[in-house]
Structures are given as structure tokens and as C-alpha cells.
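In what follows, subunit A forms one complex with subunit B and a second complex with subunit C.
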Partner chain A sequence: MIWVDTIIQGILLGGLYALFAAGLSLVFGVMRLVNLAHGDLIVMGAYLILVLVTLLGLSPFVAVFVAMPLMFGLGWALQRFLLNRTLGDDILPPLLVTFGLSIALQNALLEGFSADSQRLPTNALTTASVEIGSITLGVMPLLTFASAVLVIVGLNQLFYRTEIGRAFRATSDDATTASLMGIKPANIFATATGIALVIVTIAALYLGLRANFDPNIGPARLIYAFEAVIIGGLGSLWGTLFGGIIIGVAQTVGAAINPEWQILAGHLAFLIVLLVRPRGLFPRAND
Partner chain B sequence: MTMLALNNVSKSFGALTVTDNVSFDVPKGQALGIIGPNGAGKSTLFNLITGNIRSDHGSIHFEDRNVTKVSAMERCLTGIGRSFQIPQPFEKLTVYENLLVAATHGRNLSESDVRDDCADVLERTELIKRANTPAGQLSLLERKRLELSRAMATQPKLLLLDEIAGGLTEGECQALIRTIKEIHAQGVTIIWIEHVLHALTSVAERLLVLDFGKVIGIGEPDEIMASKEVQEIYLGIEV
Partner chain C sequence: MITRRKLLKSTAASGLTVAAGGLAAPALAQGAKIRLGYVSPQSGPLAAFSEADQFIIDGFLGSDAGANFEVIVKDSQSNPNRAAEVAKELIIDDEIDMMLVASTPETTNPVATTCEAEEIPVISTVAPWQPYFIGQQGNPGDPGSWRPFDFSFHFFWGLEDVISVFTAMWNQLETNKSVGAIFPNDGDGNAWGDPNVGFPPVLDAQGYTLTDTGRYQNLTDDFSAQINAFKAANCEIITGVPIPPDFTTFWTQAKQQGFNPKAASVGKAILFPQAVEALGDQGHNLSSEVWWSPSHPFASSLTGQSAGDLANGYEAATGKQWTQPIGFVHALFEMAANVMGRVEDSRDPDEVAAAIAATELSSIVGRIAFDGAGLPPFAVQNVAKTPLVGGQWRLKDGGGYDLVIVDNSDHPNIPTGGTMEEIAS
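Up next is the complex of A and B:
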């Protein structure tokens, strides 16, 4: 029974990793941009929620809704005025610029908030649990997982059922032709990054509620996000959720065997998938 | 009324002049054919008209408006639509979605306003049965039809067709000509670059010959095809 419990906890943890990864997957899917500052943007989102909670006395669950439009604006501007300039045939400029952005963000957060680790204030909800049979599940992990599923469903609806989604896919297919059809790729890319940062804000909420954070933990979140995206297959949103679950389960199973193996087990699972299916489990046909 | 007018338009890539002092105009409702050997600068001329590339000198007027410095997107919105020599559909989108993208963005309308128009276009270009097929799975003729449909979905006043009949069988070519004639009959001004001369002359009311970026003749198709200069340069026949 302990193993069933472990695996379920792992699946729920996978929801958090999928949330880390969904924004990365979206940005990569639309404009083939690998954002190395993604993890630091999640940490920045957590600090933004913390500031709103502290200054305005809001609950983190309310603060996240205030933070979302702010983060959307930031993402839009970041893409429109900085990252769009790096896009082109060469893959190096976006990597270098986002790597630089990652360092700049870490240092800015360190300057602004010090290296002390922080946590979003918890309430009764964050420590509540429900019992299903003989298994006890935390409400927070359940909420995290439900949010991840909602985000993935929402993104799929956005991509395949709306006008802006069609523009995302058209621009991703061929930006030059799309611009002849009257689409402005620069604005489409900016909107995509804006939406990615809204998802980042949701991820930041759960990051801040579940664990301590400090300015330096961004790159490790980026690694988890990357692993989830690559396990799932680049550009596949459901694959990203599945990838997150694989890492989550591997980590909890690893930790159950020996607590020191938690992180290692996640990376090993990633390596094994990479060896067996180098293009991920659900690769898109034409990439 | 003049639909499009080019005045002394020139474009060079480095030392190579691909468009050399080109001037001509196209009256509203006319079908103009453009012929010339490979490398004569025909596709570049289209790129200059659509705004994909900017001219070095000269001016381009569309419906009496100077569009020389206007972006490709805005030119699309004002009514210049084009097809590509090599079909460039959005391969992962369905045929219908390809049209919706062109129609909503090319005309600045919402999806509900253009749905019926797009279905109409597909009906006219005989692609309606393939509406829900991803464009990547289409045959060559279907891709050419999609190019045409997508250009039509923006409801252009001026339609630029770039070697749309190339690579088709005679039967497919005739089917395509019928469709293009129908579009022309509705009053759409057409400029058509084509190597398949019988296809071109069955629609075009006027021909323009381009060689080394220069206009070397423009006039009635019979007159142009009969001229010695054109036969020498374009057809390579010693007369």
C-alpha cells in the first residue's frame, strides 16, 4: 500500500513539474525559443506574489490573480522589445540573451530580497488533507495537479479552438507567409510569451506554497521543466504533463528507497527516456 | 481607373540589378501576364509589389495611393493578394484553417464574419471535400488550389499568381484555368507570372516581357508573342 501511496504522491508532484514546463513548452512550440531564464521567471513570480501578499495583505490565492496581468505585461514586453530581436536562423543569440537574463534576474532578486529563503504564508487550506480509502492526499498537491490539468486543457483549447491559437500555429509553421496574411509575428510571439508568464505565475504560486524559495533556485526549476518537456516530446502539451508525472513519480519512488536518491532518480528517469526515445514519448510529426 | 502603377522601380542585390527601371500600369479589371526567362526578375517584381522587399528607387501606386513605403501586411489589408511559385501552406493547419487565417488577418475581421466566405472560396476552387485535411497531406494540384484559395480568402482587388500552373498535367491545368477565369470574371484584377504560355494567354488580356530586370515589351498577347525581340530573348529562337 505504501507504494501505491508513493506513486500517487509522485503523480501529484508531477503536476507541479508540468506547471513549470507548460510555459517553456508553449514558447518553444510557437517560436522555437529556448528560454533559459524560465526558472528564474518562476522564482520572480513567487516574489511578486509574496510582495502582493505582504503589501496588500491578500491571500496568495487572490494575489496570484493580481500578479497574472502584471506578468502577462512583463512577458509581452520582454518578448516584443528584447527576445524578438534575438530570433532568426541562428539558435545561439536567444540562448545567450536568456542566459544573461537568468543571471541578471537572479542578481536583481538577490539585491532586492536578500539570499534568505522565503515562503508564501500558508493557511488551513494548504495543510488540509482528504482521505480516500487508506490513502491520505494533501489538498495542495491535489490543487496543484488539478491546476496543471486545467492549464494543459486550456492551452489545448486555445491552440486548436481559437483564432489566436490558429495564428500561433500558422506563425510557428511559417512566420514569413503568416506576415503576408496580415499576421504580425512580433505581436503573436509577444502574446505567446505573455501567456507563458501567466502560467509561470500559477507555477510560482504552488512553488511558493509548497516549499521555500530563494533567488538561486531558478536554474534547478528550469532543469525539471526541460526534462518534462523533452520526455513528453517537444511541442506536445499533453506530453509535457506526462513528462512531469514521470519525473514526479521517479523522484518519490527514489526518495522512498533512499531519501538521498530523490533528485537523482528524476534525472535517471529522464536519461532512460532519452536513451530509449530520443525524441520524447509523444513527438510532433514534423519537427 | 488604374489599379496598380509602377514608376521607374529598381532593385539591386549587391552588384546585381534584378529590377531595372521598371514602369507599367494595370487598369482595374485587367488580367496582365508576365513572361520572361528564368532569372529575369519576375518573382522579385512580385515581392516588390507585395512589399516583401523594398525598392531602391521609384514608386508603386495601388489604387492611386503611394504604397512604396507601406508594409507587406498593410498592402495585404488594402487588397493585394498573392500565391507563391512554390506552394507555402501552413502544413499543420487544415485547408479550412489555412483560409480562416488568411481571411481573418488579411481582412481584419472576426472568425464568424469570414466562415461562410471561406467555405464559398473552397467551393469555387473545388477544395471543399478536403476542407478538414491538414495542408501537408495535399497533392500538388490541391496545394496550388489552396494557394489560390488562400489568396482569394483575403478578397483581393489585385491577385498576383506566381507560376501557379507549373508542374500540373494538362487536365489539371485546364481545371485551374477555369477557376482563374471565374475569379477574373468577378472583376478581380490579375497579374500572372507563368511559363505555361497557353494557360497564360487563355486568360491574359495583355502581356509584359521581362528580361534581365528590364521591361522589353508590353502589349496585346498576339503582338508580343509575334515580336522578333521576344522570340529571340524569351524563346531563344534565331529569326
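Up next is the complex of A and C:
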């Protein structure tokens, strides 16, 4: 039974990683931009929710809906006025700019909120659990996983069922031709980053409810998100969810053998997938 | 307003000895101010340790003895390489007379090593003495090769104290003596879990069984494996030295997965009230080592303030709850004033080092003397031990937590505020 428990816990953990990764995957899929500040943006989102919770006395689950439009606006402006200027044939400028952004964000948060570790106010829900047979599962990890699946389903609907989704795909395939058809890539990119930051806000909610966060914790969150995106195949949203689950299960199974193996097992799984399928499990055909 | 001249004249006239707070010392009469370098992690992951720095330094410079000093503060950015670099800057560019350094081996060790190489006296604190002393040796694995330092001095407690405090707290409870340990793969975790100098031999001797699942990496997101192992071994006590986010993850998951130990005595993670508050109401009756509290019966040699006064002053000035490093950072500056009060020439490193070694100071953290009390022979020259007791975090009405001292078996002069309570499941 321990093994069943281990694997289920791993799948639930994978939901968290997928949630961290979904925004990254979206931005990469649309504009080939690797946002190294993604982890710090999640931490910033968590602080934003914390501020709303403290100032307005809202529940974190309500505050997240207030934070979403704010984060969308921020993402839109960030892409429109900063990141768009770095996009081009050379892949180095966006990397450098987002790397710099990551450091600037960390220090701004440190200045504004001090180094104290924070957590979103929790209630009984945090430690609540449900029993399924002999396995006890936390309600919070289940919610996290459900949210991850919802986010991926939502993004897929957006991509394949709506006009803006069509514009996303067109711009992603060929920005020049898309702009001949009356699509403004600059605005499309800005909208995509805005949506990515809405997902970041959801990730921030679960990050903040799950454990402590402080201004410096972002980069550590980025690496699993990044691995999940790569394992899943760049640009594939379901792949990202699957990639997150692979890392999560690898970690819990590794830990069950020996806790020293936990993190390493996740990284090894990533390397093995890269060796066998260098383009990830579900790469988009035309990249 | 007491000026330095006036003070020196009056204390000399009244025939006070140098021992009286070190105010009448010859080195203080040399005209130029004595330059102290101070390195601490003011930004980065360790920054919580340094939140009281400015408050303490302002208080020091505002005191009578402090007026003779200039303090040059540098930020290690929680990075050992950066700490060594700023130490060098302080020694070469700022030409300091003495170095002070606080908070975690990641800060104290690089600075102390740099000072030792540059022959500048250095006093460090807020790091257990084993990582300070052994961590700076060329070959930490070979006790035969360990050498004492000439210019580096350290005051704090050691691993043996924390083991003694934790077991004393557990002995107050009715348990099955089955202990589960979460030791991370870092300097602290490896030392606590060491089969020779860590928890295992002592627990064995006292009849406890230890379930140690192995060293995990910091910032782990899942502790199901450990929780399953602890459940299987029917552990009623938890110990460890995780970083705060990892303990929150562990403790939340333990509750989610129905694991409810009677006691959880954890180092490092629940040192600061903010970290306990992050657990919501799940932090009640968690226990930790206490190195300093407002109820410690000690007073500052610098200002005469009691421990309680200092903590109240900090809370009034900043609106934040007191934290343990406050007392120790204050004591560092007490040491500086006391030592410089006993030397002729503050610029002579040999004389200053000799004065540090001869210190016998009643400070706000207790007695500091390099007399080797409670230490193995190799560390006698460089380390002074300060008292350690055990405390439990208790939920206050209306939110927040108070740290209540529940065990003082090693230092009965420090009053307890209650007895050890079981964690309600």
C-alpha cells in the first residue's frame, strides 16, 4: 500500500509542478521566450495575494480573483513595453533581460516585504484530509491537482476554440504572415504574457498556501517548472502536465527508496527523457 | 552630554578599574575612534538573523562606551564568498582594528578565516561552535590535524547542548521513546545526524530509538516518504534541523496524512516567530532550543539594560516581535567595548587577541569567558559557551505566538515559564 500511496502523492505533487510550469509553457509556445523571472513572478503573485488578504480581509481564494486582473495588466505591460523589445533573431537578449528582471524582482520584494518568511493565512482546509481505503490524501494537494488540470483544459480550449487562440497559434507559426492577415504580434504577445501571469497567480495561491515563501525562493521553483515544460515537449500544454507528473512521481518514488534520492530522481527522470526523446514527449510537430 | 574626554577624566579620577565596563581604558584615550568592522547577512535567505542589526548598532553608538567607536557595516548577502570579500575590504580599505561577525557558519567562517589569515582579531557568534571550529579546519575529518586559531574567537553553544535540551524536554513527557528525524543534507543536518558527535549515540544511550530516513535536499516539496517511515515506526517524537519552508511543508503534510506526534523539537526552522506564524494554528506547542529570551536573568555591561528591557526597546522601536539574535548581536558589541577597554593600543592585533582571550564578561547573554568550560581540549582556546535552554511556542489569544521556556535542566538560573506540553492531535 505504501507504493500506491507514494505514487499518488507523486501525481499530486506533479500537479503543483505543472501549475508552476503552465505559464512558462504558454509563453514559450507562443513566442519562444524563456522567462527566467517566472519563479520570481510566482513569488510576487503570492505577495500580492498576501497584501490583498491583509488589507481587504479577504479569503485567499477570493483574493486570487482580485489579483488576477492586476497580474494580467502587469503581464501585458511587461511584455508590451519591455520584453517585446528584446525579441528577435538572437535568443540571448530576452534571457538576459528576464534574468535581470529576476534579480530586480527579488530585491524589490526584499526591500518591500523584508526577508521574513510569509504564508497565506490558512484555515482548517490546509490540514484537512480524505481517506480513500487505507490512503489518506490531503484536500489541499487534491485541489492543487484539480486546478492544474482545469488550467490546462482551459488553456487548450482557449488555444483551439477561440479567435484569440487562433491568433496565438498563427503568430507562433509565422509572425510575419500572421501580421499580413491583420494580427498585431506585439499585442498578441502582450496578451499571452498577461494570460501567463493569470496562471502564475493561481500557482502563487497554492505556493503560498502550501508552505512558506520569502523573496528569494523563486528560482528554486523555476527549475522543476522548466523541467516539466521540457519533458512534456516545448509548446505542448498537456505535455507540461504530464511532465510535471513524471517529475513528481520520480521524486516521491526516489524518496521512498532513500530521501537522498528525492531531488536527484526528479532530475534523472528529466535527463532520461531528454536522452530518449530529445524534443520531449509531445513536441509540436512544426517547431 | 558625556563626552569621551570628560568620561575618561571622570572615570580615571574616581579610580574605576578597567573591569568596570571597560570605559577607562588607555586605548580609548588615543584620540582617533576605534574602527570596528561588522559583517552579517542583511539580505538574502538569512536576512531574518540581521533584522535587529541597525537597532543594536544605533544603541551601541549611542552608549557612553560606544561613542569611542566607529562601526563599518557590510552585508554578506547570505553568500559565503561575498562574506569573505567584504571582510577583506574592511581589513584593507577601511583598516579596521577588530572584526565582529554574526549569524550562521556561512557568515562567520569565511570572515573568521579571512581575519585569521590577515592577522586581524575577530569575534563571532550565532553559529554552533562545532561548525565554526571544525568547519574552518583544513581537514575536518581528521581531529588530529585540528589547530586552534590565534586571532579568531567565538561565543555560542554547541551541538551537545541542543541534544541535551531536546532530550530533557522529551523526558518530561510520557512517550514510547520512538524518535523520527528529518535531517537535511547541509552542514547542520549532517552534524546533527552524525553517528559519532550527533544525535544517534546520545539517543541510543538514553533508550530512545531513532528513525533517520537519510539526508534529503533543502527545498524539498514532498515528505511522504519520511512520514510513511515515521508512521511505520510509530514515532511519537519528531526532531530535525530543516529550513523554515521545508518544515512547513513537512508539518502540513504530516497533518494531512494523519501523522500526529506528541512532541516536535526542531532547530533552525522555528527560531523566528514569523516562521511559526506561517504554520497558522498548527504551531502550538512546537518546541525549539532557546539561546536568549527577554526572561533570561542577564543585563548588558554596556547600558545596564536587562534582557527584558532590550527586547521591549526593540519591539517599541520597530513594532516587531523580539527574536533571539538580538541579545547575541548586542553581546558582540559588549565584547568589543570590553576588550578595547583593556588594551593599550587598539591597532596591535596581538595585544587585542590576548585581551579577547582574557575576557570575563557578564553580558546580556550570560557569562562569556574563554576558560574552556564544557569544551573538548582542542576548542578551549577559541570558544566560549553560552547557556542553552528549551522552549515551546504557545498560541496567544488573538493570534501570534509566545516562546515559553519549559526546560532549564542545564542552566537552572534561567527561569522557566511553564512545563512541556503534548501537541494536541
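In the analysis below, the second predicted complex is superposed on the first by the 287 of 287 C-alpha atoms of A that agree within 3 Å, B and C clash if a C-alpha of one lies under 4 Å from a C-alpha of the other, contacts with A are read in each partner's own complex, and residues count from 1 in each chain.
Keep in mind that, in the parts below, a contact is a pair of C-beta atoms (placed from the backbone, for glycine too) under 8 Å apart; a residue touches a chain by one contact, two chains touch by 3 or more.
On a predicted model such as this, the values are computed, not experimentally measured, just so you know.
In the superposed pair of complexes, A:214 makes contact with subunit C only, with no contact to subunit B.
When both complexes are overlaid on chain A, the residue A:54 reaches neither subunit B nor subunit C.
Look at A:6: by the touch rule set out above, it reaches subunit C but stays clear of subunit B. Of the two partners subunit B and subunit C, more subunit A residues are in touch with C. With both structures placed on the common chain, the touch criterion links A:114 to subunit C but leaves subunit B unconnected. Contact with subunit B, but none with subunit C, is seen for A:174 once the two complexes are overlaid on the shared chain.
Judged by the touch definition given at the top, the superposed model places A:156 against neither subunit B nor subunit C. According to the touch criterion, subunit A has no shared surface contacted by subunit B in one complex and subunit C in the other. On the subunit A side of its complex with subunit C, the touching residues are 2, 5-6, 9-10, 13, 16-17, 107, 110, 114-119, 121-123, 126-129, 136-141, 210-214, 216-217, 220, 224, 248, 251-252, 255-256, 258-260, 262-264. If you check the complex, the residues on subunit A that touch subunit B are 163, 166-167, 169-170, 172-174, 176-184, 286. Listed in rising order, the residues of subunit C touching subunit A in the complex are 43-48, 51, 78, 185, 213-217, 219-226, 228, 244-246, 248-249, 252-253, 255-258, 272, 274-275, 277-280, 282. Residues of subunit B touching subunit A in their complex: 50, 52, 72-73, 76-77, 82, 84, 88, 90-93, 97-98, 100-102, 104-108, 110-111, 136, 150, 154.
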